[in-house]
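Common to both upcoming complexes is chain A, partnered first by chain B, then by chain C.
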Partner chain A sequence: MIELRYEKAVDPASAMQLHGGRGTARYLGGGTNLVDLMREEIEQPGLVVDVTGLSGDIRETDGGGLLIGAGVKNTALAEHRAVRARYPLLSRAILSGASGQIRNMATVGGNILQRTRCYYFYDDAARCNKRSPESGCDAIDGFNRIHAVLGTSPACVATHPSDMCVALVALDAVVHLQGASGARAIPLTDLHRLPDGHPEIETVLEPGELITAIEIPNLPFAARSTYRKVRDRASYAFALVSVAAALDVEHGIVRDARIGLGGVATKPWRARAAERAVVGKAATEANFRAAAEAELENASPLSGNGFKIELAKRTIVHTLGELA
Partner chain B sequence: MRFIINEHSIEADVDVRTSLLDLLRDHLGLTGTKKGCNQGACGACTVLVDGERINSCLALAVQYQDREILTIEGLGTIGDLHPLQAAFIEYDGFQCGYCTPGQICSAVAMIGEIRRGLPSALTEDLALEQIGFSEDEIRERMSGNLCRCGAYNGIIEAIRATYAEESAQEREAAA
Partner chain C sequence: MSILDSAKQAMMGAIVRLTPDAPPDPLIGRHGAVGSQLSRIDGPLKVAGKARFAAEVPYDDLLFAAVLFSRVARGRITSLDTSGAKAAPGVALVMTYQNAPRMGAPKIMGESPMAGGPSNLPVMQDDRIHWNGQPVAVVLAETQEQADYAKSLIRIAYEVEPAITSFEAAKAHAHPPESVLGEPPALETGDAEAALAEAAFRVDNLYRTPRHNHNAIELHAVTVVWDDGSLTIHDASQMVHQTAWTIADMFGIGEDKVRVISPFVGGGFGGKCMWYHQVLAAAASKLAERPVRLVLSREGVFRSVGGRTCTEQRVALGAKADGTLAALIHTGVVAMTTHNSCPEQFSFPARHLYAADAIKLAQEVADMDMLANTFMRAPGESVGTFALESAIDELAIAMNIDPIELRRRCEPEKDPTSGAEFSSRHIIEAYRRGGERFGWHRRNPVPRSTRDGEWLIGHGVATATYPYYRMPGAGARITLSADGHALVQIATHEMGMGTATVQVQHAADRLGLPIHQVSFEYGDTTLPMGTIAGGSNQTASVVAAVRAASDALFDELLRLAGNSSPLAGLKADELEARDGGLVSMQDPTRAENYAAILKRAGRDELAIEASAPPPIEVQKYSMHSYGAQFCEVRVNETTGETRVSRFVGSFDTGRILNPKTAASQFRGGIIMGLGLALTEETMFDERTGRIMNPSLAEYHVPVHLDVPHIEVIWNDIPDPHSPLGLHGIGEIGITGVGAAVANAIFNATGKRIRELPITLDKLL
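The block that comes next holds the complex of A and B.
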């Protein structure tokens, strides 16, 4: 058995020092994904650095947005009064994910960095380029009903499983990072990589770089927003398709729109083509359908998941219609 | 390592990998908390930490030192049942009973969540201070606890009856 050490960080500097950028070190949040992956021996760290003690605050920014510490629990973020009033799509996305127990454990930073739930990634008897680079992918010609239709590559078709991130990319959230070479902030849409030829490299994080906070900018029209999740059972299941949307409509015309998609893509998906197609147009079902068609135009179905393309279109139309 | 379990301070030295669930069952003999799936899918291992429900199978014990851990053994005894335990018996909230400790611990915390105004995925108005205690809300909020005997109707009746009784007692106390 590989020896496993545990260290508890008290601040970002100590977390980074303890981690040291070592390939065998992992930051540990609520453990809801990492502990499971360790038990399955998909993750085999030699050191876990507990970062649950870091930055558990949610505070207002000077620009009228919110700064959310990476250690904030999912429940606390969904429950926060300002989030419920100003960014309801975010509360709803979080509340539609996992279970009450898991939301109480899971941190914001951990939610962002959770791994895919692709069956083949979890099954070490299967080939998986993400788990074992250049070994092949058994999902592409396998049982792929839950897999992605957007952002896929010949190497990987696994979805990013987060609900929270779908709302956050729609909101133009910015990720605050602390690394060996200092602090930086990048859009959440740039944090996760598309799989291309290297699905094992999931983010642009440098070795040992730590998520310290998420910032959501001021977006007044997001008060009119929602999250719709379609899944195989009514609760406690990953999305087949989900849509996070905020819509700014005046006199029947869409002035602005933010749309994110979950369950259909290899990373939390910002639906910019749909947004471009609908802004400036009348808030009608036909225009919502055209926007959905624009976003899914380049979708690539596998043998078992073609239904997601039409399902995503209809879910976009329905969700925008609800907000119009 | 020091743990506070059911109001008792306990010293135990365990491997970093040891889950809170295995600490309770295998090291401390508190076998009321059950191991079902051991991967966070079934909720049989639900315990309360500082009053909040968690899956003890996904929790590394080392992360829960010095926290207030409450298990089914601390909630009630055969001679002094917690009201929810009594209600599970009265309303047939179980058959085999394996998921029951998790169901009861989860429901105790869930009632607290509704009381403090935590919305759910079903809550229509996120601005509400007081959340309705409907059957649909209970089903949504208890979806992290599976019952393979299918005793869900009895479980929901037991939770509703307990909540109604608590609310009536509070109104009486207030009056």
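The block that comes next holds the complex of A and C.
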């Protein structure tokens, strides 16, 4: 049998000590993705360090934002009064993912670190650079209807599947980390790496480094925000395209905008080109369309996912239109 | 089919048609337990967790099995290293072709009357690989976890050979199958192509449907044990006797040496027939000399239990100015293998639905290196009606007439291909009732004319149809006890559709007993043989067998009653069963109850077994069920997402025995049809022949939020030529749904989608 040691951490320091930066160690949140991957024998850790006991609080920060412990359950975050009132896009993003049972188990930290749903990543009879570095990619010429059009590389076209992260990148969320060399905080947009030549390295986390919290800055206009998820069935399916957006409009002019995209990119995608294109302009469908075009300008379609480019543009236009 | 066979069949057909009808079943007009909303008698057991399924049967020294599947589509095993697995903790056996017991190849369904094999490939007897996913090793261990782990240590190398895993490539060598379920693969009356070319209105298009996989919620599972050369298989089965016979034949033992028990099945749909896991578990158990449990993983079901094959169909319709058909052409090709026979009878609806001056029907198969495909709820009719009923809608639009009116004008008087009379066909009535319920008259026929904000609303309709089948060979035993209780036994199957419930209702009426005095035993090969639960035949076949047994029982009761009974001198056909006994229909004062008859005869019980008469009605008449499927969709103009918002199914399926279980069957079929229409697709990677979405996460069946309120109604007009006036209803619900959805989408958007599933990218 595969020897698997289970340890439960009581605080970040004990978690890191137990983990020890070993390549065979994994932090365990709700287990809704890691345990699946272990059953599929894609992940075979020798040690799991249960961090669900850590930092399950959501509290206000001095700057008027929220500090969300990495152990907070997805359901708790989606239902939190301040989140619903001030960041409805985040609440909606979470509620559009998975099922009630899974959201009750899944943690914020685990959601951020969940892995792709690429069919070829899951099947070890297939070639996958993410699962087995430099073995090749069978998705690029295979079933790639659900794959990415942004941030891809010749090595990997797999999407990041999270809904929550799409809202979080739009909100300029900051990830608090605790590592062997101390604590640091980085923007969530910088946490996930583009695949480039090494899709197996998915984040900038150091060995053993632990996500302790997510901080969402104060963003008053995010009270006017939403999340639109487009998928193959009404529930319990990953996004083909999703848009998280907040819009600050005054006298018909867009003063500020935050746009995140899901289902189309190899990481939770902050649509900065679209934001730049629309800020300062009149809140019109034509300008929203121009913004969407700007964001998708460099999208690269595969044999089966070209539709996502037009679908993403339409969904951006429609979502911004709803908020304008 | 040879010329000789055809001639023989034609002659038999002529003889059958001259045979007088059997008198209608006297229970057809009677209201009793049949027709009532009896709740499922297995309900309390299931709710309480007391219904024991195949994977739950306990044995003290049970071993657990894990199955390893091949990763190549064609070739041979060049090396096998099982040393690591054998040395792993808890492992009792690693079975491969090198040590598996010698077994004959399974005989496939149709090859002999009792054969039930899924394909005729030998099971783990040699180094050959025939499909990507073929079982290549079985590990037995003390726990499931140990078996799974040991399986991961097996190392296999393959010599890969070129395989036909591309449908396009296979189509180049497509050929007609020997037969399509006993019917000729091609039929032609008149010159349909010429008639089409000259027709005033024409539609001529290709329709494509993808592969589907079985995803019953209960995984395929067996618990098996050998005892002194006899094998017992606790199975999840919709064909216990055929499974027993086929496995006995493979092992070269008498069929009485194999017992298959299957009291509960967690969903069948055609997928719970005989596959490889039963054989592998039996073979491994024989080697290990211990009982074995084998539960396939969900991935294992995808890799080793066949599904519905893909189809490419041409439907061409030519209409005259008056809206009648000059030409009806339905041809096409499906993927199959050289080792099975399951040609997905998509042309069957067109054989019976519409009158046309000239008809051309032809089915071909394209041989591929893949897992044998199989039956899946309304094989043929489900996907055949998608093509045909989409084409009818397209023709109605081309002619600018209402699609229901077009169907009315094409309604045949006799079966358009066999010439037989219809036994019971009230399809127009089903349309009338369904249309009224749905509000069809309020529909705007102009596409894109109805909207609710960003949602385009559309309405569509399509015909549902499925044959009435009654299979020969079913027998039943009735044991009447002196306390007036009746036990009815027949090896039939309960996959959750209410078999036991309606059969208790039937037996109660047939024997004139209250429901609580009737019990029903089934799902065990030690009982008289029923029929497979397939082709929606089971209810009719079982009812006919029970009726035969009850007729024989009444004869015997009359004989036992003797001369001192008030019944003396009466014949069986002058009696009816009522109030726990027999009563003269002419003179109700002449009656005696069962208890009195048995007591006087000094009997504790009376047991009688009899077989149903041959199903001559299906040879004499064109017997089919019908329905009208009405659908409302909302299609998002921005994203192409389709949501079905309303559905009405109006059915013409003979007499309904139990409205509660029937409604559930119809609804379940419609829901499965929504999956077929909008979401379900097996991703068969044509480079490798490998299924890439073998999980419920990525193989999209409808979830609750995809399913609207579904109304189902029925004519409830008995078929005078069937037992109880009934038609089987397990499959018709799925038929027509694909087209109803596609037609509604056209009405909503003006876009005609001829390829399933209708995912949003096709509507952008």
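The rule is simple: the second predicted complex is superposed on the first by the 324 of 324 C-alpha atoms of A that agree within 3 Å, B and C clash if a C-alpha of one lies under 4 Å from a C-alpha of the other, contacts with A are read in each partner's own complex, and residues count from 1 in each chain.
Simple rule for what comes next: contacts are C-beta pairs under 8 Å (C-beta built on N, C-alpha and C of every residue); 3 or more make two chains touch, one makes a residue touch a chain.
In this text the structure is predicted, and so the values were computed from the model without any measurement.
*Asks:* With both complexes superposed on chain A, which partner does A:Y236 reach: first (chain B), second (chain C), both or neither?
*Replies:* After superposition on chain A, A:Y236 lies in contact with both partners, chain B and chain C.
*Asks:* After superposition on the shared chain, which partner residues are touched by A:D62: those of chain B (first), chain C (second), both, or neither?
*Replies:* Neither partner.
*Asks:* Go through the superposed model and pick first if A:H318 touches only chain B, second if only chain C, both, or neither.
*Replies:* A:H318 contacts chain C only, not chain B.
*Asks:* For A:E310, using the defined touch cut-off, is the partner it touches chain B, chain C, both, or neither? Pick first, second, both or neither.
*Replies:* second
*Asks:* With both complexes superposed on chain A, which partner does A:R145 reach: first (chain B), second (chain C), both or neither?
*Replies:* In the superposed model, A:R145 contacts chain C only, not chain B.
*Asks:* Quick check for you: in the superposed arrangement, does A:T32 touch first (chain B), second (chain C), both or neither?
*Replies:* In the superposition, A:T32 contacts chain B only.
*Asks:* Would you tell me the residues on chain A in contact with chain B in one complex that are also in contact with chain C in the other?
*Replies:* Residues 234-236, which sit in both footprints.
*Asks:* With touch defined as at the start, can you tell me which chain A residues reach chain C in the complex?
*Replies:* 1-2, 41, 117, 119-120, 122-123, 125-126, 138, 141-143, 145, 230-237, 240-241, 307, 310-311, 314-315, 317-318
*Asks:* Taking the complex as given, what residues does chain A use to touch chain B?
*Replies:* Contacts found on chain A: 4-6, 28, 30-32, 35-36, 38-39, 48, 50, 52, 75, 78-79, 84-85, 88, 91-92, 95-96, 98-102, 104-105, 229, 234-236.
*Asks:* Using the touch rule from the top, collect the residues of chain C that touch chain A in their complex.
*Replies:* Contact set of chain C toward chain A: 71, 88-89, 132, 145-146, 149, 152, 454, 638-641, 643, 678-679, 683, 685, 687-688, 690, 692-693, 695, 697-698, 700, 702-706, 759-761, 764.
*Asks:* Residues of chain B touching chain A in their complex?
*Replies:* Result: residues 15-17, 19, 38-40, 43, 46, 52-55, 58-60, 62-63, 106, 109-110, 113, 117-121, 123, 126-127, 139-145 of chain B touch chain A.
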